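Below, subunit A partners subunit B and then partners subunit C, in two separate complexes.
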Partner chain A sequence: MAEFDELPAAGNGLLDRRFFLRAGVASGAALMTASASSLERQEWMKGPGAGMSEAGAPSSHESHVVRASIGSLTGTTGTGASRTPLQLLDGIITPSRLHFERHHSGIPDIDPDQHRLVLHGLVERPLSFSLDALARYPMVSRIQFLECSGNSGASMAPEPAQGTCAALHGLVSASEWGGVPLSVLLEEAGVKPAGKWLIAEGADSAMMSRSVPMDKIMDDAIVALYQNGERLRPSNGYPMRLFLPGWEGNMCVKWLRTIKVVDQPSMTKDETSKYSDLQSDGVSTLFTFPMGVKSLITSPSPGLSMGAPGLYQISGIAWSGAGKIKRVEVSADGGKSWADAALDAHVMPKCLTRFRSAWRWEGSPAVILSRATDESGSIQPTRETVLKGRSTAAFYHYNGIQAWHVAENGEVTNVYV
Partner chain B sequence: MAEFDELPAAGNGLLDRRFFLRAGVASGAALMTASASSLERQEWMKGPGAGMSEAGAPSSHESHVVRASIGSLTGTTGTGASRTPLQLLDGIITPSRLHFERHHSGIPDIDPDQHRLVLHGLVERPLSFSLDALARYPMVSRIQFLECSGNSGASMAPEPAQGTCAALHGLVSASEWGGVPLSVLLEEAGVKPAGKWLIAEGADSAMMSRSVPMDKIMDDAIVALYQNGERLRPSNGYPMRLFLPGWEGNMCVKWLRTIKVVDQPSMTKDETSKYSDLQSDGVSTLFTFPMGVKSLITSPSPGLSMGAPGLYQISGIAWSGAGKIKRVEVSADGGKSWADAALDAHVMPKCLTRFRSAWRWEGSPAVILSRATDESGSIQPTRETVLKGRSTAAFYHYNGIQAWHVAENGEVTNVYV
Partner chain C sequence: MSTFRFFAVAGLSLCSIAVIAQESPGLGELVSSDELAALDYAVLPNGDGLPAGSGTAVEGSTVYQQYCFACHGDKGSGGINDALSGGHGSMTSKSPVKTVGSFWPYATTVFDYVRRAMPLSSPGVLTNDQLYAVTAYLLFINDVVDENDVIDAKSLPDVKMPNRDNFVWGYAPGT
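Entry: the complex of A and B
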């Protein structure tokens, strides 16, 4: 395997990304020579298969690819979360059936014909929009991530929690979100000069509500009606939700029912009891809106056991609430040396970006990490940096570097470095 | 409604795309003033909703959003097609459950652990790849369209067929396709100098097969393993298919089983009995690989009745096998005058591109059309141009301009102009 030695990029077998452009890369133990018997027909070729249908479904062999770590929290029925199985996915789109959920009182069963979006408060003309009314307005659609600010909160614990990518970091997903810019609707209503914030409230029985500054609304907020081409799924706000690209998921109020224009943030229960970051000096930084630059190796990762030593693809996702991902570096020696990963074709603002590196694993224990940089120049911090100054009771907005330990037997576990 | 008169773009109420950047656009009849009763709580807010689940599903109110015009063709069980309900979707991603199907002998129920991809023929080392072996190779993922070359074939009939966008044009969809570049696997096997083509064959009982020139394979062909982030759906080739960006769907062989490197096209049954274009002089143009530049207004369209006169959004999709869409023009006066439509943020090569125009419909009969131009400079042809020189028995590769007639009562029908 002399080819490997020609393109080293960093320590412990990490190969230069130009390696992807080379042909003739023996993948080692997994490769089989074909023989005449390789062309024998399998049983499923011997008769006609299933016919067409109104809606396709995954293969029965993929029944393990479901949302994971479904957990109920204190509260009413349906209060809790389910997580995207990031370690079983590739690319950047999250299938809608696997988009993470976080509900504060379950999923309301909304009749779209009866649902209305009401704009009121500091406006010239309070307005009520049916779905038919919204359909007449210009729409936009964009592929962007959504992340719960509680994602990765387990990484603040003193000892590394053991679990899959889903369990540890599965409160992030990406979809094509389509809808009407909220700025258009607000200017239809006529925002009064004193209107500098708004309160968005959902039609769930928790009446989840958040305050949002007007600047963000006028920048890129939409009333989302479509997710990955079809109407929003109920667990993601059917028939409409607020979508604030790059900002914490909780603010993207689902089942959006009212927008009240106000002159200052309203300190609703949902933005004071949760989603604020307690510091070690006892002061809380109340509002942390954009999600920080972050990345995660999804393969290899816990639960995906490595096979025989040889060539592997390290693959993962990176994202930032500040814009596009500019660079992702990968280390296979615990952070002593780093190499640039290759980014897939689509690098879009406030979206997941898929990165890949080639790694020759020699079968020895190793620690692999990834580190993202966004177009604003922000670099994903270490765990130590994220925790600095925070109270041990803090939980939200964790974006530290994730390290995975690969054991000699191929098992992958969560470690702090 | 003086605003409308300020930004005319073309005849019969078509408004300039800058209209989208304006605020305060009264949408007319559909708009309602909010009152105190607008804030009353609906029934679904009065108790907790449904809890979290392993996999989400669409709302029960969206049960009409399914694949349509499911048709069986002469042949074995499972020979036929189902179509994407384009008129009910927005954005560019097609949800995998709604991706069109075209099978030649149904969907085989493949065990991924037993399935192999065999490379043989004019190669130095015939190879057999399991899914585990493929997982070690570098992958790429890209959002691209897939179109059956029989799509829109009904438009070659002497009289305009009546049906929805699904029925008439629903054999096109777009997904994020992820997989291993076939060039990497072929160079691993070592292509002999005489190897200029390959035959790709599927593991369905029809053993669907097509010849593909080596240049295309080395350019951007992949062995696709992922569709919209998860493993391919069975109806789209699980566990692997050939994907040739921009080329006719039939060549993107599903359930990919063997790749045989050969020195010339093999004239398989599937590329001679079908997918070739008979000309009026009796000669057939056998191979038409890339799909031509094309567009389609999906809203308004047949089956979506218009309401009261006033402002409407004209929305549709455009695509080209040659690369990116550069421009889409829309006409509301039967093609007498045209105006540029706004393109959504993501304009990607060999992908659907969503376009939108603002239209003030005055309630009179109108004919609306769209016309796409791609980055190679190709302009979508008229129906007359597409048909010129073709036999009346020709059926494939129709990319002519589609015209919709809007009647006074809001009904939309298919017309030839």
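Entry: the complex of A and C
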């Protein structure tokens, strides 16, 4: 069977994507011999274990799986970000406690009974909704990604920054988001014909605000109340946030407090001074909303060194603000040849998709890459293409192909190809 | 209409907004105009939403020293936090310096943002006159207005920022 199962699919040891399906993962693992002592009855099997508890926590042996690269502007504690440890996770759902954070003036401690969502501006009836009222509306839930448009900004640096997936690309997460379609609430308030935009504002100390076009709101925007089955975490906007599937995270205003319907964008600080894209000719583009098609190999990746040469699974995530991921290709020879990766069963629009490839690593230096294509036909661009025409001060919407260098000793580092 | 159809409509088809609205529980409570005035912080580039009040850079200099200087430095030159002046003409250079003066397209954004968020540790402390004054001061240290120009709801939207013409939209409504 070995020859069939290890059908090469691309250069430098990449195997057919059906490899794991046919062979199982046994062949690699079978070579390992268990030490005798670990097969004997263990300490924790010699008496009853711990009892039940009101809320679970990860194993104490997993205490290293935490948000990373936590940073805040000088003199502040809550004007900054923390990042999802993508390299330590599998599947597509980000545990809520590990969802990345990006706040502009800390996390407010909101009393849900006092909090109101107010719709006003160009509406027939300005309305206020309590959390209890909103919870009685028909809800929808979808599993979708949320990405800060500043994610991967480090990849624009002239020299490759060294860090883990978390440090370099950890401002993306995926959750099941549940809530009330904003279109339903706006219909109740009665949007006047001139109402083409709305200004969403949060109840944080910075009253973070963004302008959102009405088309998007009517398409798929929700006032999210639930994340992964429980009420939102405070760091994700408790008790309610705007969620705009596939669009830059900053617009998904947390701690949502007011929505003002207007006839033009407000040009808030966060849609002009920040979150706009400066080109080298001095022109800046405002309102670049959707997040582009993107993928990332999370294993192997920096910090997860390879062991002895042999059979490995290359695994990662792919996503697109335009819809579903159609295809992910992987290369183990720096982009000379590519093979299709297998996609896990859950391929959903505007969601993370997990991909996997089998790789027979011979122990020589290699450069591994992944490249995603979405259902609209967009293909993830190279770093060079992304940077073309951009200012050196440009920072947002980087979705270039990520290359990892695997050294002979198995160490993985960030490289540009 | 059965319960089943109610949720089916709401969950699957956002096109049927009219149907949803009929069936929505209708729990929104009317908000009075007084209440709205208290919570409406939005300012538009055409001046909509700007409150009564006024100020000049001369007055704003005092406000700035007291409330902003510690973090943003002398005349907005930057300190522990962002520089708020300078960088003019640097957007096409190898190292652009984005400030209120060199980058921001709209003067109304200064009022909107400072009223919402600054000073960082106690937003909301400034009166409308102080807000207009410190806005005038930030524009003055960027050579956009004169020291004695009166900034108010009428004059602020007319202030043309140096970098205004260098912005395009990446989003076309209706697409």
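Following the convention adopted for this analysis, the second predicted complex is superposed on the first by the 394 of 417 C-alpha atoms of A that agree within 3 Å, B and C clash if a C-alpha of one lies under 4 Å from a C-alpha of the other, contacts with A are read in each partner's own complex, and residues count from 1 in each chain.
Heads up, the rule we're going with is that contacts are C-beta pairs under 8 Å (C-beta built on N, C-alpha and C of every residue); 3 or more make two chains touch, one makes a residue touch a chain.
For clarity, every value in this text was computed on a predicted model and none was experimentally measured.
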item	value
Combined model on subunit A: subunit C and subunit B, fit or clash	clash
Which of subunit B and subunit C A:277 touches, first, second, both or neither	second
First, second, both or neither for A:268, with subunit B first and subunit C second	second
Touching partner for A:392 - first (subunit B), second (subunit C), both, neither	second
Which superposed partner A:258 touches (first subunit B, second subunit C, both, neither)	both
Subunit B versus subunit C as contact partner of A:313, first or second or both or neither	first
Which superposed partner A:213 touches (first subunit B, second subunit C, both, neither)	second
Which superposed partner A:289 touches (first subunit B, second subunit C, both, neither)	second
First (subunit B), second (subunit C), both or neither touched by A:194	neither
Partner chain(s) touched by A:111 [first = subunit B, second = subunit C, both, neither]	first
Residues of subunit A contacting subunit B in one complex and subunit C in the other	76, 79, 105, 118-120, 125-129, 133, 136-140, 183-184, 187-188, 205, 207, 258
List of subunit C residues in touch with subunit A within their complex	6-7, 10-11, 14, 17-18, 20-21, 23-31, 35-36, 39-46, 48, 71, 80-81, 91-92, 94-96, 98, 100, 103-106, 108-109, 112-113, 116-117, 120, 123, 166-171, 173-175
Parts of subunit A lying in touch with subunit C, wherever the complex brings them together	73-76, 79, 104-105, 118-121, 125-129, 133-134, 136-140, 181, 183-185, 187-189, 196, 199, 201, 205-207, 209, 213, 215, 218-220, 257-258, 260, 262, 264, 266-269, 272-273, 276-278, 280-289, 391-393
